[in-house]
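These notes open a run of structures that come right after.
The same chain A turns up in both complexes below, where it pairs with chain B and then with chain C.
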Partner chain A sequence: MKSRFGCLLLAACLPLPAMALTGEEVMKQSQAAFLYPGKDFKARVTMKLIGKDGGERVRELVMLRKNFGAPGGEQKYFMVFFKPADVKDMSFMTNKYPAKDDDRWMFIPAVNMVKRIAAQDKRSSFVGSDFTYEDVSGRDIDDDTHVIEREEKLGGRDCYVVKSTPKTADADFGHKLTWVDKANFLPLKEDQFDRKNAAYKAFSADEVNTIKGHPTIIRRTMKNQQTGHRTEAAYANTDYDLGIEDSLFSERFLRQPPRKWIE
Partner chain B sequence: MKFSLVEFSIARPKWVLFGAALLTLLFLTQFPKIRTDTNPKHMLPETSDVRVWNDKVDKTFALYEDTIVIGIENAAGVLNLETLGRIARITEAVLALDGVASRDVNGFTTITNVTAAEGTLNVGPLMPAAPKTEAEVEALRQALFGNSLFIDRIISKDGKTTAIYVPLEKGANGAEIADKIRQIVAKEKGPERYYVAGDPVARDTFGAEMFKLMALFSPIAGMIMFAAIQLMFRNLALSAAMMAVSMVAIIWSIGLLIGAGFPVHIMSSMAPVFLMAIATDSIHIFNEFYFRYREGGDKLAAIRQTMATVSRPVRFTALATAAGFAVLLFMNIVPVQVFGGLIAFGTVVLRLLSFSFIPAVLTFVKEDKLRKAAGGEDVTADPVARTLGRIARLGATKPMATLVVMLILAAVSVWGTSKIHINNNLVAWFKPSSEIRIADSAMNQALGGTSLGYLVVSGTEDDFIKRPEAMRWLEGLQRHLETLPVVGKTFSVADYVKRINRVLHDDDPKFDVVPDTQDSVGQYLFLFSMSAKPADLNNVVDPAFRQANLWVQMKTWDADAMRQVIAAKDSYQKAHPLPVKAEPAGIAWFNLVWNDEVLGDLVLGFSLALVVVLVILALDFRSLKWALIAYVPLLLTILMIYGVVGFVGKDFDMPLSVMSTLSLGMAVDFAIHFVSRFRQRRAEVGAGETAPESLAWTAARPGKGIVRNALLFAAAFSVMMAAPLTPYVAVGAFIVSMMLISALLTLLLLPALIMLGRRWLLDQGEAK
Partner chain C sequence: MLARLVFAAALLSAPMLARAEVTFSGFLQQNTAFNSREANPDGRHHKWLEERAQLKLDASDGAWHLLAKGDLAWDHLGRQDQSELRELYVDYTASHWDARLGRQVITWGLGDLVFVNDVWAKDHEALFSGRPMEYLKRGVDALKLAAYPEFANFELVVSPHFRESRIPDARRFHLYDPMPTVTTRGTVKPGQGDLGLRVYRDIGGWDAALYLYRGFQRTPSMRPDSMTAPTRITYFHPQLSVYGASASGRVGEGVLSLEAARYDSRQDRSGNDFAVPNSQTRLLAGYQFQPIEDVSLGFQYYVEHMHQYDAYRAALPAGFPVDRRWSHTVTARWTQFFQHQTLRLSVYASYNDGNGDGFVTPELRYSFTDKIWGAVGANLYSGKPSGQFGQLKRDDNLYLQMRYEF
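Showing the complex of A and B:
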């Protein structure tokens, strides 16, 4: 009896092989925690684009997101811009599909025109910032191979360090290392390297808040190590599960976004 | 002190030789640290306004200092499946090269194109992958020729040439990357021709040639001089001593240069040949020694007498030469300063050796050999000396006629001088048959031009550039600049705005204009920035939209092209007032500034050298009158060479302007020797000889030294005329002609002038 209990105790102390995560699983969980929490999501995003010499430009927008499936599945984004002044009222909509090019539309108030934008280059900068579209809305897990390089503490938090290498040459980077928080699976830091293995871009999660039970990165920075240019993004009025209607994602509302969502 | 140095050297010749060898070894240890610098930007100091400004512009607009341009030409047109496949493969391989700023490489596969089809706006690479069908090739043709941004930039109007622009990361090795690119294109078998051009390629090729010149031409020049000296003095020990002296001076000077941390630049790469030539001034020692030895027969006494007689002129000619080079220290062009210091140091070393090393070697020369060699040195017996004497007698007996001929020559030269065209063109430093020149002219013929300048247009407040009037102003300025024959292509942010306006309106050419409101401009650019590469916009506007950067591609590297652009800009601004500043920048602007610095330096350096040389002459002769007389052949020599430069139409560039300054210090040597020895002679013989006879003697005896010196100098520099780079050729030709003309004028014109002014000169001059 006693020895049996001892055996059990021993077994409980040993890590179960089935519990060990692969790199791919870590990144899947991270994607769910970072880009898919809640049914929908809203934030007022202020981006500061800061040059090497300190010159600053501001982008301000409201970002709405709704999930149309499980994490990793279809999502729709709706954005309305406030700053800079001349782009006020421009709005932007993206339908994101797994393993397929996004659909994007933009409303250009100066010519009162909605245009579909072909999204062939995922490397494009998001609103002129150091974030690419992929940095903002994610990259298909299947596009890269993921390996856990090591586990280490980052700022007092236990992390997996996952190395992701694109399977094809279409990515902006050669490989990247992501520090994923073991507790909440948020990416706390990401170092991207170019195809010549030189440090390229560095992402950092500067502040994390829990909102409606979802740990959320509310301040983040992306720095281009090669040009010294960086973008600081702050998410304000962050909220989840607001009940955003499917009908919002249409050309009609792109032209005239409902006030209740963009205040 | 100098005299005791001679005595010491005669007494302890072995010590002197050993000491010199030891010091030489010490300087030699610095040689492995050698670095070359061929970047024309380093011609001006880092703190110079133009470099500070250009760096700032590079930063503001995320521009690269260096870009290699790959030209691909197919006589049957590049728009076919095979050539496009090659272009795609080449671009892919180039993107993977270390040191290449891959994200901003612009060619068919990477350049951003804005199109619209079936209500969809498409912003992305023009040709993401090589086309697989003829229909795709046709679509590419439409896209290329339907977008004015591409024509003359990545496709020639006739469709036969395309270019890939390859910007380099800071500090990347342009020569290495260019080599790798050549290897990449060499793998492609096909009818295409490839050109690798651009500033970094020219620069690094130049660097390689410089080394070749130092390593190959300096020894050849040395050997020619050695042979010439051997022919003149027929004594191996003496010839070897002369060469040893110049080698020692070269090693000390270059060792000091390298040890002090300076890179070898175009000017200092010429230093060995210069020092070798300056070393030939020791000829006067040997020349006089042979005459003295023949007269006396005692070696040591001959050495002492020789050193006593020539020490003063040799000292003063060295002083004049060193001063002529030291003047360069006051110039603004860095490598010229370094060069001036280098040669001034080398000249002092040479003189030091003249009074120690050379007398020491003379003690070792076997008497019997000396007797044989010196046998021919007699003013009356030697045919060369007799001829020289006759030349001087001609000048002395027909002074007026000589003077008139010289005045006519001077007048013609002044006329020629007025035709001089000041210009620096880095590409023209290569010969027309060189790969660089061929690539450059092929690219300039097919596309918008390889020389790049910018006009930075600054408004008074943020977002000013987004105003329609600012956009239209930019566009108007571009059209105005494009009327200049030297301008091949311009582009600015206005081109993007117009393009988007047109594309949004179903590609209707009516909308190929700047829209009417600032909001439209702002929104178009925002739209563009969301899909294009960041550099596309960064290169043409600053982040705050206060400044725009207008790119001007020119078809020539002539500094003058940028001057025309600036003049056109000014006249446009006058006709179309807008509260903006439009300031030139870029490498073409740098070249213009540098060009003007050369002119300023020339005037400054030349005036300084004129004054310095006159002062040294006056000090040497202790008479301003004699100084002025000795000055005349020198001035006429330079004037005649400038006249020829003007008539030939050769660009007056940096190496030539430096030469003209230096030439004063070197060409004056002959007059110093001539006048000093003539006055010595007059003092010795007094009334026992007529003035024309003394002049003839001077021309025959020290004059022979002058001619020997001039011939050696010319021999050394004639090697440079075979160099693969035109500045070396020009410098070689300049020095050769200067030496020969100045020697002739000294022997012919100086006697004429002395005879014409003999009352004024001799009576009072001798009375002292």
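Showing the complex of A and C:
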């Protein structure tokens, strides 16, 4: 009697094949784990833009993010640049909405001006790096169809391999494969292919740390397979649930970012 | 001299600032602009030729913040007074209000090189002689108080001493002059200060703002002592009030900007004094979008309307150029990034249908490293000799900027 009960308990804890996730559900959970953990988030991001010849440029910024809803919902991003010198003190603010173009503002310290800027091209490069705006802050799940291609191990971790194909032709990639860690749903690897099916960009999660209970990718690389150019991003001082006020996301603080958040 | 004082003060206050978090930064810069068409009125061949060093000190301690930014310049064209205090201010930040006291750059409005509500001091000469963008603005000496209650944001600017915009130097630029034979000239600056109020908030996803300004025209007007036999011309800044509004929001794939202002020429509301600019309405509509990756395209349509046009025509002395009642200007800017945004091409063009005034400024800017960038560009003018840009037709120039930042 006792052993049968134990069996039942064990069975209840195991994912049942009949309840297997769809590709879309995997990507939704992945989005929640990758881009929505915590109520808010902060990191000091250092991006190294590395050319084929090894030449290096460094972009350094503080990134703050706050959720205004459930995973997949509205978010606000606030960024302040430190490097290179000619963009120092420049700041950016993005209001990200599901299924709608973002609102984006920038502060130009040289003329002390806040400007709303067009932001429909989410596939454009983020500060000249190999990451796009969507790679940094996420792509709408509904923009693609998602199918689980297979399940396999990557670096000793069980992964779903999800194939995502854009529903419209306005993306710069034809399709992509994402290796999603079954345990924490982080994307460990992503291979993007162009519309001619040639290898295009490759993302890898190089280091994962658990911060305040949230597994977090703190080092990542995006490499353009066609040009050989790559960008390595390191997230330092990463933290969650800091109590970032709603009022931070305003023209006032875009002009004068509060020191407590950008140190 | 002023800059040196600031540097000295900054160094002396360093121990007091020991508690604060202090950073130094700055740059070394070379800036050359040479004429591509004709020599200057003074016979020189450069619009600009200088080396410049800027030192910036940033100090923060709790709610306090100090910024000092000073330039030392070595001018090769005979001006010895180009060293300047660019900005020097102290900020105090409380939870729902803040204050900034000192020399500061203030920019209002939404225009791209078109100024409707940006009533604050500018340096037009900097724009026309190929200097980096930040030199387009001059600091004003003011107290800025800002309050952020729930329903709107308020910014009040009180300046005890009016600071004028800098206009191109007649030794370097071929400026239109209706009375070239009168060489005795002087400038009278307003003895008072000026003040402005900006109120802004989000309205249904649009950034909306109201602007009020009471002060003086930033660029001077000229008055001869006699119309029949003038011997002396006095430059002065007529009284001006501006009431304006702006809104910007997402429309279609881009950002639409709308701006309007009524310029109340308080010194001559009737429009009977030809030396004082007529009261005006200024309207601006701009649209900016990204047609392809790493490209931004912006268009503007700008209108000026003179309020007392009949009086203006009646008062205008014979031989003076006649402005239109309605003036229409269109502008376009193309900005494109290459090579991971280390190379930037930008072309700005402006055209006025009334006087054929045209201004084109292409620029190519490259970051050689993360600390060194250089730019090469041109300022090209066309139009009638009395127009804002047409008068500069002989002043076309090519420019180079090179900067090392630390």
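Please note the rule applied: the second predicted complex is superposed on the first by the 245 of 263 C-alpha atoms of A that agree within 3 Å, B and C clash if a C-alpha of one lies under 4 Å from a C-alpha of the other, contacts with A are read in each partner's own complex, and residues count from 1 in each chain.
Convention: a contact is a pair of C-beta atoms (placed from the backbone, for glycine too) under 8 Å apart; a residue touches a chain by one contact, two chains touch by 3 or more.
This is a predicted model, so every value here is computed, not measured.
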(message) In the overlaid three-chain picture, which partner chain does A:Glu151 touch, first (chain B) or second (chain C), both, or neither?
(response) neither
(request) Report for A:Gln256: first if it touches chain B alone, second if chain C alone, otherwise both or neither. (result) second
(request) Answer with first, second, both or neither: which of chain B and chain C does A:Asp53 touch in the superposed model? (result) first
(request) Classify the contacts of A:Met90 with the two partner chains as first (chain B alone), second (chain C alone), both, or neither. (result) first
(request) Please work out whether A:Asp194 is in contact with chain B alone, chain C alone, both, or neither, and reply first, second, both or neither. (result) first
(request) Check whether A:Met113 is in contact with chain B, with chain C, with both or with neither, and answer first, second, both or neither. (result) both
(message) Touch test for A:Ser124: chain B only (first), chain C only (second), both, or neither?
(response) both
(request) Mind sorting out which residues of chain A both chain B and chain C touch, each in its own complex? (result) 49, 57, 84-86, 110-111, 113, 115-118, 120-121, 124-125, 127-128
(request) Note which residues of chain A are touching chain B in the complex, please. (result) 49, 51-53, 55, 57, 81, 84-87, 90, 92, 106, 108-111, 113, 115-118, 120-121, 124-128, 194-196, 227
(request) Provide the residue numbers of chain C that touch chain A in the complex, in ascending order. (result) 21, 25, 27, 60, 65, 91, 93, 98, 104-107, 110, 132-134, 136-137, 146, 148, 153, 200, 205, 207, 248-250, 253-255, 257, 288-290, 292-294, 296, 337, 340-342, 367, 369-371, 373, 403, 405-406
(request) Would you pull the chain A residues touching chain C in the complex into a rising list? (result) 49, 57-58, 83-86, 88, 101, 103, 110-113, 115-118, 120-121, 123-125, 127-129, 172, 229, 247, 250-252, 256, 258-259
(request) State the interface residues of chain B toward chain A in the complex, per the touch definition above. (result) 59-60, 62, 95-96, 98, 102, 116, 119-125, 128, 463, 466, 504-505, 515, 517-524, 526-527, 529-534, 537, 542-544
